[in-house]
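Working notes, structure below.
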Amino acid sequence: MILILKNKATDGQIDHVLARVEELGLQHHLSRGTHRTIVGIIGDEDKLREEPLRAISGVAEVIPVLPPFKLASIDAHPDPSVIDVSGVKIGGGNLGMIAGPCSVEEPDRMFRIAESVAESGANLFRGGAYKPRTSPYAFQGTGEDGLKLLREVGDKFSMPVVTEVTDPRLVELVAGYADMLQVGARNMQNFALLTEVGKTKRPVLLKRGMSATITDLLMCAEYILSQGNPNVVLCERGIKSFDPSTRNLFDVAAVPMVHSLSHLPIIVDPSHATGRPDLIPACALAGIAAGADGVHVEVHDCPEVAKSDGPQALLPEQYAELAGQMRKMAELLGKQISPLPETLV
Amino acid sequence: MILILKNKATDGQIDHVLARVEELGLQHHLSRGTHRTIVGIIGDEDKLREEPLRAISGVAEVIPVLPPFKLASIDAHPDPSVIDVSGVKIGGGNLGMIAGPCSVEEPDRMFRIAESVAESGANLFRGGAYKPRTSPYAFQGTGEDGLKLLREVGDKFSMPVVTEVTDPRLVELVAGYADMLQVGARNMQNFALLTEVGKTKRPVLLKRGMSATITDLLMCAEYILSQGNPNVVLCERGIKSFDPSTRNLFDVAAVPMVHSLSHLPIIVDPSHATGRPDLIPACALAGIAAGADGVHVEVHDCPEVAKSDGPQALLPEQYAELAGQMRKMAELLGKQISPLPETLV
Amino acid sequence: MILILKNKATDGQIDHVLARVEELGLQHHLSRGTHRTIVGIIGDEDKLREEPLRAISGVAEVIPVLPPFKLASIDAHPDPSVIDVSGVKIGGGNLGMIAGPCSVEEPDRMFRIAESVAESGANLFRGGAYKPRTSPYAFQGTGEDGLKLLREVGDKFSMPVVTEVTDPRLVELVAGYADMLQVGARNMQNFALLTEVGKTKRPVLLKRGMSATITDLLMCAEYILSQGNPNVVLCERGIKSFDPSTRNLFDVAAVPMVHSLSHLPIIVDPSHATGRPDLIPACALAGIAAGADGVHVEVHDCPEVAKSDGPQALLPEQYAELAGQMRKMAELLGKQISPLPETLV
Amino acid sequence: MILILKNKATDGQIDHVLARVEELGLQHHLSRGTHRTIVGIIGDEDKLREEPLRAISGVAEVIPVLPPFKLASIDAHPDPSVIDVSGVKIGGGNLGMIAGPCSVEEPDRMFRIAESVAESGANLFRGGAYKPRTSPYAFQGTGEDGLKLLREVGDKFSMPVVTEVTDPRLVELVAGYADMLQVGARNMQNFALLTEVGKTKRPVLLKRGMSATITDLLMCAEYILSQGNPNVVLCERGIKSFDPSTRNLFDVAAVPMVHSLSHLPIIVDPSHATGRPDLIPACALAGIAAGADGVHVEVHDCPEVAKSDGPQALLPEQYAELAGQMRKMAELLGKQISPLPETLV
């Protein structure tokens, strides 16, 4: 930790700063420059991080030298983590290809879409049973019935299923049906929810919040990891920007950035990132080229009647074409798409 | 609702669009322009809003003509709402002045700060017992003990208390102690939590999320209102921006914008909006000048040992000076700061 | 300047860093922490700032301790600058009230609007003769004829005039007619233009770019000051944001932030910041409450036929009402609106 | 153009709106909905675009149905444009690979870097002679001497050269030396400069401003095209964002978005977009995967002594490795990297 003192910090203020550092059981290293005095603090930065050092009189700035996350850090675990979702691997050269409708809908449709995306090469099936909707009047999902149906579909095709959980009270219920728990962008910093999913052993798909920095995202992963659940897959799904022509802004550089800081896999979700089917294929391929450990795409066979997010869904045949392109790009990069397991583990 | 069709929309596509509108029981109004065909849809826009019209082949854009919120809308309630927090009024010319430390800390300190801010003119006392912290290793609050202490402090000074609730499972507990429930910025779109606070009758202080538009904020208020709780006070507390020199960006125009769209009161929180004590007074006064229905300021008597947010706290004497300036500005604008009630209602 | 070295910086890398600092004629101060090594560099930071220190192998981060601007800095000039625009003062307790149409239009209209805003208390008249338009097909201004008319209007009412200059080739021409030169937001970093206006002695109204940080803005002021022209007034006119409901986002905290860093005056422009007449009064008052040294408002007597920016213009009677409110707020804060001079200086 | 009228628009206001439309020689189409009245205007939208319709009393919103650019629009020119830069093609399946140092530096270094990047497969050489620097005290470039050197280097390796022009007064001079003129991000809306480069026939590399929407970018291209110069190549180089961990935010979705709206080629510049050498390769490959028509990378053989932007430069050997990967990805997508011409055309 480095403290930069104010231009006019008095000797009394400097002494007080040093005394405060000593009180915390740490060493200091004073450096008087031409215009500013700097105090280096030597010792456990985690201890210091929680102290309101910037509130000490005479301190202008506090500059940490270490990232605030530990378990999520690449320093803690230099090799990439490989997350196993009931037999499908994500990370370390294995791509998780998540596809399916936004919401769980009627059984026939669900089986039909799942069969199609599985044939195209998807290895994880998605569908929301509890939907976080921005309007209280919008369709809120089919609840436990939806979870049951999702489970049946997954079992039939031996395809692990991913579904969102939005409420800490529902984590146990959802974890009883799903192979992977999704924490959505709006709940990324719902710490009560993160704590509960951290207490399960289910793999978690943690989506980046719309205004979260990469550090914010990794700190939320840290919440889950610190509860004892090491199975976290991150997801870049677009952030807020000033250009209204896409739903969000796809931050593809988040992929190499996460890989430079953390061992956790990161996949991309061009469906939410762009909100426009015509832009999804280019962004999906860009994600893989940037090193993503998987791609999440919403697929629906009749978008104009979808219960949610129809306007951004790909048709099954569009997904099939994209999946073929993604597979070729993965091969070029020496990566593989995990096959479906014989039976779900 | 207006549909703008694609440049090359075929007659078949146009017919399909019209048929789909009729299926939904609504009337349409076709207008063929030089370059584009437009379909006006006449009828209940709320019904239409949930339909994935943009997914219909040939549709380029869907333009709603009404705001998506109803109960929160000024059309529903043209006069400003006045929210009564245990005897202190907010809205309609009455200013709610919230002050206190970020977290509930030791009893002596709490009584001391409360006494000071009450003397300065604050009429609501704040303190967090359950803290949403970005690090799992940071101080998480004192829980129910903190709530009890906050209640004692409020009762002693006859000053209603505001505290944050972060978990739907805790709403009932917190509502048993607090006069007003705060939903924090990171939980603004925690719909499970909004639903639970909507089921109580406690006034709710709903803080704007860091990447929420004004419409997003009002939709979250709508969640609470739609559960039967009309007592919602909004709070502008800074949004994300590209300039790292302040913690967030204070969007003072949110105040008149909310007043143009909604009857709900809106207060400002310059402490979180700027994160810098030296900028708080200017922004607090700007908020009042823009028409805010109150100001939320964090105050601590020894910021360098505060359990959280010390670096952005004002000292009690700084708050006293600011409170005097705010009072004069309120008078200039013909507003009043609600006095403390004889006893809490 | 502080260098934070990489986690795994080798001794060889550290030696190279130190040697490089010595080559530049500066002293270093090494501090080995538990996890990171830090090098403090003592000496002229301006010299260092231009060196690509972050490119040295083993360096993780370079942290300057001084702001990059000097002439614009409050350290260089602790008292607020008062800029004199042909007899009207801006800064140090004097408010510059700029009003007028977006573009210079027909003579009758110009005299009429000027008379009205002068009566209301405006002390600077604005109008654009060279318009930076986002469309090449839009009205581009009336050029030198517009300048002549503007001059006549200013002389008639003894009201200094402000007009935009967009091209370094036109600076001399425009400076021959105008009392104050405006550099618009889109040209804030047009360094050729800044250099030319810096060579005149005309006061300059420098508008903040839509994605400029406060430091960026002050560096552009530094360009002008470094050419020998000390007469710079800054202007906050809204920045880019994710919420499309206003044209830009009004960053009122820029006002106290500039005052904490610089001696230069800063005014606010709620017309461009919001683009909505109904929000202008609240934002104008917020600006003054935050300490702004003036307010810039577009006024037109028939917005629906204005040559540019009609939809954001106030009517003369709306301006009159607002001007009265601004005057009262200025008095409350102990400030004054500079009266019009007897004759232009 | 569609006008949405205010909730309480009176009959008088509606009549006035219709009369105003008729005055402009256009037809209207009135549609009274349950809550709002809508006026469709039929006729030349370009004519209407410049009218301040939103300023008419009773009008709530004005919604254009056509994009504001014409010459740049894909409607005007459905096939992708192929820009020929002295024999090197960009667009329509041909990739322009621009590489070189940020600034023109000493001759030896320039020849050395150029030779290396040409061998790696770059087909355009870059180097700035006039540098737009954010500090007036920073290195400003070597001016005409730099241009001469750049020309010599280009001629020696038969490699067309790209260099930035920052001042309308210098366009003719720079066009006398360079094969392609770069308009930098900070000058994207320098309309005087756009007009001057539009009067030459030199291909122009137009970089997206840091807060420009795609529409803003295409309008600036329209400025150049409307002057008679059809040779415009766009460049995505990162936009402003709230995450300070990269210099800018790389908006890879801009590539397919531009391709959906315009026939102009668009390349990506991961050097400026990220500012971090470790992220450049992933972002360069992502750009090609997304369909970019080329990649711009800064290369320097000794970044720690570079005159500008050293910390973001790749070493020649790093560029060689990346160029090999980019070539393989281009082949996978059925594209080719234009070879260097025998002699410059």
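For clarity, chains are labelled A, B, C and D in written order, and residue numbers in each chain start from 1.
Following the convention adopted for this analysis, a residue touches a chain if its C-beta (ideal position, glycine included) is under 8 Å from a C-beta of that chain, and two chains touch if they have at least 3 such contacts.
Being a predicted model, the structure only gives us computed values, none of them experimental.
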item: For subunit A and subunit C, chains touching each; value: B, D
item: Where subunit B and subunit D are represented by their mean Cα positions, the distance between them in whole Å; value: 40
item: Length of the line joining the C-alpha centres of subunit A and subunit B, rounded to whole Å; value: 27
item: Between subunit D and subunit A, distance of the C-alpha-averaged centres to the nearest whole Å; value: 32
item: Residue numbers of subunit C (touch at least two other chains); value: 211, 239-242, 244
item: Chain-level touch network, classified as line, ring, star, complete or other; value: complete
item: Footprint of subunit D on subunit C - complex, ascending; value: 20, 46, 49-50, 52-57, 68, 132-139, 166-169, 186-187, 189-192, 195, 209-211, 216, 219, 222-223, 226-227, 239-240, 303-306, 308-311, 313
item: Touching residues (chain side subunit B, partner subunit D) in the complex; value: 2, 4, 7, 29, 31-36, 38, 40-45, 63, 65-66, 75, 240-242, 244
item: Partner subunit C, residues of subunit B touching it in the complex; value: 211, 213-215, 239-246, 249-253, 255-257, 260, 273-274, 278-279, 281-283, 285-291, 328-329, 332
